[in-house]
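For reference, chains read A, B, C and D in written order, and residue numbers begin at 1 within each chain.
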Amino acid sequence: MLDYITSYLSDTVKVTPGQVGNVFWIVVYIFIVFGGVSVAVIAMNWLERKALAHFQIRLGPMRVGPHGLLQPIADALKLFTKEDIIPSAADKLVFWIAPLIILCASFTTYIVVPFGPTHAITDLNIGILFMLGVSSLSVLGVVMAGWASNSHYPLIGALRSSAQMVSYEIAMGLAVVSAVLMTSLNAAGTGTLSMIGIVRAQQAQHVWFLFKFFPLGLIAFVIFAIAMIAETNRAPFDLPEAESELTAGFHTEYSGLRWSLFMLGEYAAMIAVSSIAVTLWLGGWMRPFPNALTGDTWDAVFSLFPGLTFLGLAAICFVGVARMPKHPYFRVQTIGLAGFGAVLGLIGLVLFAPPVRDRIQDIYWFVAKVGVFMYLYIWYRATFPRYRFDQLMKVGWKVLLPIALGVLIATAVWGVLV
Amino acid sequence: MTDATKYLSHLELGEPDKTFLDSNELIINMGPQHPATHGVLRVILKLDGEKVLGTECVIGYLHRGVEKIAEHRTYTMFNPYVDRMDYVAAVSNGLGYCEAVEKLLNIEAPPRANYIRVILTELNRLASHQLWLGTHALDIGAMTPLFYTFRDREEILKIFEKYCGARLTTHAFRIGGCLYETYDGFERDVKKFIDSAPSKIDEYEELLTTNRIWVERTKGVGTISAKDCIALGVTGPVLRASGVKWDLRKAQPYAAYRDFDFEIPIGESGDTYDRYLVRMQEMRQSLRILEQAVGKIPEGPIMAKVPKVMKPPVGEIYHSIEAPKGELGYFIVSDGSTQPYRVRVRPPSFVNLQALDIMVRGQLVADVIAVIGTLDIVLGEVDR
Amino acid sequence: MPEETKTPSPPSGGEPKPAAEAPHRAAAPPKPAGPAPEPWNSSMIGRLKEQYGSGIDPLTYLGQNYMVVDSSLIPELLQVLRDQEEFDYCVDVTALHYPEREKQFDVVWILYSHPRNERIRVKTMIADGEVIPSCVSVWATANWLEREVYDMFGIRFEGHPDLKRILLPDGWKGHPLRKDYGIIQQDNEWVQINLGIESGQ
Amino acid sequence: MTPVATTFFFYFLAAVTVISGLLVITQRNAVHSALALILSLLGQAALYLMLYAPFVAGVQIILYAGGIMVLFLFVIMLVSIEQQQKEEQFNKLWVVGVLAAVALGGLFVGVYVKGKALFSGPVLPFSEPSNTQQIAVLLYGNYMFAFEIASLLLLVAIIGAVVMAKKRI
C-alpha cells in the first residue's frame, strides 16, 4: 500500500514530496507534520484565549508561565488526569469511537496538505477530493457522539451538526470545483485535483486564483471561507455546540481526555480547511507578489521574512520582560519569558542562514497564510452573535449554494471564452 | 397615556394539547442547570424538531419565603431582605420597600434624601440594564458585549461601594430617608460616570444594533402585542416595547421623579429587537435624569423624623415603583405592632415570566433562549 | 471617608445601626390610633352601588381606595370593573390570613386602569375551605398569581385552568403563609423522601 | 515492486469489507449496523485505490461514507432503538433467502468463469494521473445519454421527496 501511495507522486515535480519510493522520508514527514499540527493546535489554543481576551478587554491566562504561555500544557495535564466519565446509559463502544473518528478524520487530511513543493507527505492526484472526503467523515464522529451520549442535548446537537455540515459541504464543494476548473486553463487543457498541482497551476498562470477572473475567484473564495467556518462548527455557525442553548451540544456528556480529543480534532480541522483555502485561492506556499516583485533582490528580501518574524516575536518577548514587575515573586516568570524570547531569537537567527532560509521559505509563507485564517476565526468569534438554525440553513441553501453554482457556471463560460 | 381601552378584551391562552407525548414530539428539560436560564429556572419544552409547541415553567428552586420572613421581622429588620430578591437591582427593591413603609407611617423622606435615592436608583437601573445586555447578548452568542458591560457596570458598583460599603446587595436606604450622607466626591464620581457612559453605550450599540446576525436573531422573535402584555400584567420595558407608553415614574411619580425631565422610550412591534432598543434608550434616559439630578442635590437633612420604634397604625398600603424590570409593588398590612402583619411583594419578573409561553409558541429552541434573555428575569425575584 | 454631618458613617467595621436611631430627638410617641379608613365616594362607586347595593363597602385609606365586597359578587364585579370601568390591568392577586376570624381569609385584587391612571383594591373575605371563583378568564395574569395564593394559603380558585403549587414542590404539605405555619416549619416527610436528609433540617 | 505488501493489503481489506458487511446484517443495534456499513464502504474505497481508481475511491468516501451514511444515521438515531432490539432479528423466509443467495452466488461464479476469457490478466487500463480525466471522458462523452437520464431520474426523486415530506408548500 505504501508502494502504492508513493507511486502516486507527481512526476512533474523534480524533488517529489517524501522522496519517491522512499518510505523512510514519508514516515519522517508524517511525524513532522502530525507533531507540528499538534503543536499548532496547542499554540492556537493559547492564542485564541489570549486574543479573545484582548478583544474583550481582559487579560486571559496570566498565571501559568509568563503571560500564560504554559497554560495549554497545564490544561492538557488537567484533562489527562481528569476522571473519565461515561454516562451509564451511553452506548460505550460508540461513545469511545466517536472522538477517535473526529481526530482521525481531521488528522488524515494532512497527508495531502502541501506546505511546499517538496514539503508534503504525499501528493495524491485526487488530493483535494481526498481532503474534502476525509474531512467530511468527521461529521460521523459528531453524529455518533451525539447519539451515543443518550441524552437530549447532545442528540439535538448531533442533528443540527449533521444537517449543517452536509448542507455546507455542497456549497463548499462547488466553490472548490470552480477553483479546480481554473487549473485547467493551460495549454494542454487538462486540470488537476492534486493539491500541489493546483498551486503549480497558479504559479504557471501567474495569478492567485483569488484574483483570477475577478471577481469570480473572489466570490468562490468568500463562499468557501464562509462554508469552512460552518464545516468546522465555529462561531457564528457554532450551533452544534451552542453553549447557551445546548450547553455544549454533541460533546455535553464528554469529559477529560475524550473531550480534549474533540477539541484537538476541531482545531486540527480548522487548520486543515484553512490550508485548503490557502492552497486553492491564496497561492499555497508562494510568497506574495511572485509576479509583480520579481528578481533576485526581491527574492532575497522576501526570504528574510521568516527570520524577521521570529526576531520580532523575540523582541515582543523582551519588551514583556522589561515590563514585568520587578518583584521576586515574578523572577521565575521573567527568566522564563526571557528564555523563551532567546529561543525565538535564536531560531530567527538560524533562519537567516541561506540554506535553511531557502528550505524554510515555502513552509513559512504557507503557515503565515493559514495563520491569517486562524486569526479570522478568533475575530469572528469575538464579534458575531450566533445564527439560528433555520437562518443558517437559509444562508447555506438559498444564498451560498445558488451563488456557488452561478460562479461555477460563470467560471466555466469565461474559461471557454478566454 | 395611550388609548389602552382597546386592549380590554381578555387573552385567549388556548388549551394545552392533550397529546403531550406524540411520537414526533420531543420533551426537553431546559434547566434548572442550564447556562442560559439565568439561574435556576426550569422550562419544560415540547418540541417538534426544533419548533416549540409549548412550554411550562417550573419555578421555586430559589424560594426562600421572603414574605414569611417579613412577618417575623420588624419593619427595619426586613429592609435588607428585599435586596436579596432582585439582586441585580437591589437599590430599587430597597427604594420600593422604604417608600411603602414611609407611606404607611405617613411620613415623607426629605428632598435631599429623595435626590440621593433617585441618583442611586437610576445608577442601579443602568447597572441592571447593562447586566441584562451582557447576558442577553451572550445567550444569543455574542460574547464580547458581556465584558464591555461588566467593565462599565463596575464603575457603578464602585460608586455604590464608596457610598454604602456594599456593591451588590446595598441596603442603601432606610425607612425615612438615607442613612449615609454622600461621600466627598460623590457628585464628581457620578458626573464622571455620566460623561463617559454615552460613548460606552454607543460602543455596545455599535456591536449589536446594526449587526446583521443580531438583527436577524432578534427581529420578529418573541413578539407580544400590547393587548397581550396588559392582559398578562407584563410591565416595564417589555410592555413599553409593545408600544404602551407607561412608566410609573411618569404615571404615578414617586421619590423626586416629578422634578426631572425625561422621556419614555417605546417600541412598535414588541419583538426582541424592540425591547433591546427600548432598554438601550432607557439607559440614555437614565443618564439624562442623572445629569439633571447630580448638579442640584438640595441641602438639608437626609432623614425624616422617624419614630424609634416603628409601629404603623392598623391599615394597609400598596406602593409600587418602576424597577428596571417593571412594576415592583409592596402590599404591606400593619396590625399596629412592630412587625408587619403581611408583606406581599409584587415581583415584576414573576409576572413577566408568565408571558414566556405565548412569546415562544411556534418559534425555535434558539428563540426560547433569546426570549428568556429579553424578559430580563432574575430568579431571586421570581421565586422570592 | 470624611463625614461632616451628624449621620453615622458607612459600615466600615460594625453593623449598620437601625435607621430609627438616627434622629434621636424625633422619638415621637407611637400613634396607636392612626388615620382611620374613610368612606370613598366617586361616580364609579355610585354606579357600582346602584348595581350591587350593599354588597360593596368602598373605603379610602392614606389616599388609596379600596372596596370590601361580598364574596358572592366576585367574578361578576371584577368583570364589570374590567369591561365597564376600564381596569384593564390586574396588578396582583394576594391574600391575608386572620386565623381568629370566622372568615379566615382576605383575598385582595390590586387593579390598575391604564386609561384612568387609577389604582384600586378589591377585597373579599372567605372562610377556610371555601372556594372562590377564579378570575383567569378576566385577566390572564391571574393564572400564576392565583396559583401562588393557592400554594401559600391553600385557597382554591374554582375554574382555574391548572391550579397546582407553583413555588413549593408538588407534593408539599401545608401552606406556609398561613399564620399557623411556623417560620421554621417544613414538610419533614417530603424533605426526607426527596432530599434524603434524615434529620429533616 | 508490487508483490507481498499488495497481496497482503488486498486480503486484509477484503476481509475488513466482508466481515463488516456481515456485521451490518447481524448487529442487533441499528446504529452499530450503520457503523459497520461505514467501515465496509471505507474498505471498498481502499480496494478501489488498489485497483488504481482513486477518483472512484474519493467519490465513494465523500458520497457514501460521508454523505449518505450521515443521512442513514440521521434517520436511525430518531427511531426508538429499544423496540427494535426486542424484535426478532430474522424473519421466517429462510427458503427464499437461501434461493436468492444461491442465485446470486451462481451469477458470481458464472461471471468469474466467463470473465476469465474476456479479461486476460490484470491490466492497467489507464495511466494513473489521467485516470480522473478518463472517467470524465467516459461519463460526459461515451455515456452522455445514460448519465443525463440518471441525473434526470435523481432530480425527479428529489422533487418527489420534497413534495412528500413537506405538507404545505
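The criterion applied here is as follows: a residue touches a chain if its C-beta (ideal position, glycine included) is under 8 Å from a C-beta of that chain, and two chains touch if they have at least 3 such contacts.
Given the structure is predicted, the values throughout are model-derived calculations rather than measurements.
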Any chain touching subunit A and subunit C at once appears in the list B
Most distant chain from subunit C, judged by the mean position of its C-alpha atoms: D
Euclidean distance of C-alpha centroids - subunit A vs subunit B, Å: 46
Between subunit B and subunit D, the Cα-mean centres are separated in Å by 62
Report, in whole Å, the distance between the mean C-alpha point of subunit C and the mean C-alpha point of subunit D. 72
Mind checking the centre-to-centre distance between subunit B and subunit C? Centres are C-alpha means, answer in whole Å. 21
Subunit D residues touching 2+ other chains are none
Based on the touch definition given at the start, go ahead and assign the chain network to line, ring, star, complete or other. line
Contacting chain pairs - touch in the sense defined above: A-B, A-D, B-C
Spell out the part of subunit A that touches subunit D in their complex, as residue ranges. 1-4, 7-8, 10-11, 21, 91, 93-94, 97, 124-126, 129-130, 132-134, 136-137, 139-140, 143-144, 146-148, 155, 158-159, 162-163, 165-166, 169, 173, 190, 193
Per the contact definition, I'd like the list of subunit A residues that touch subunit B in the complex. 52, 55-58, 152-153, 156, 160, 235-236, 238-239, 242-245, 247, 381-391
Quick check: in the complex, which residue numbers of subunit D touch subunit A? 1-2, 5-6, 9, 29, 31-32, 35, 38, 49-50, 54-55, 57-59, 61-62, 65-67, 69-71, 73-74, 77-78, 128-133
Any idea which subunit B residues touch subunit A in the complex? 26, 28-29, 34-36, 50, 137-144, 146-148, 151, 207-208, 211, 213-214, 216-217, 364-367, 369
In the complex, subunit C touches subunit B at residues 1-5, 7-12, 16, 18-24, 26-35, 37, 61-62, 64, 66, 82-83, 86, 88-92, 94, 96-97, 108, 110, 114-115, 117, 119, 121, 137-141, 143-145, 148, 152, 161-162, 165-169, 176-177, 179, 181, 183
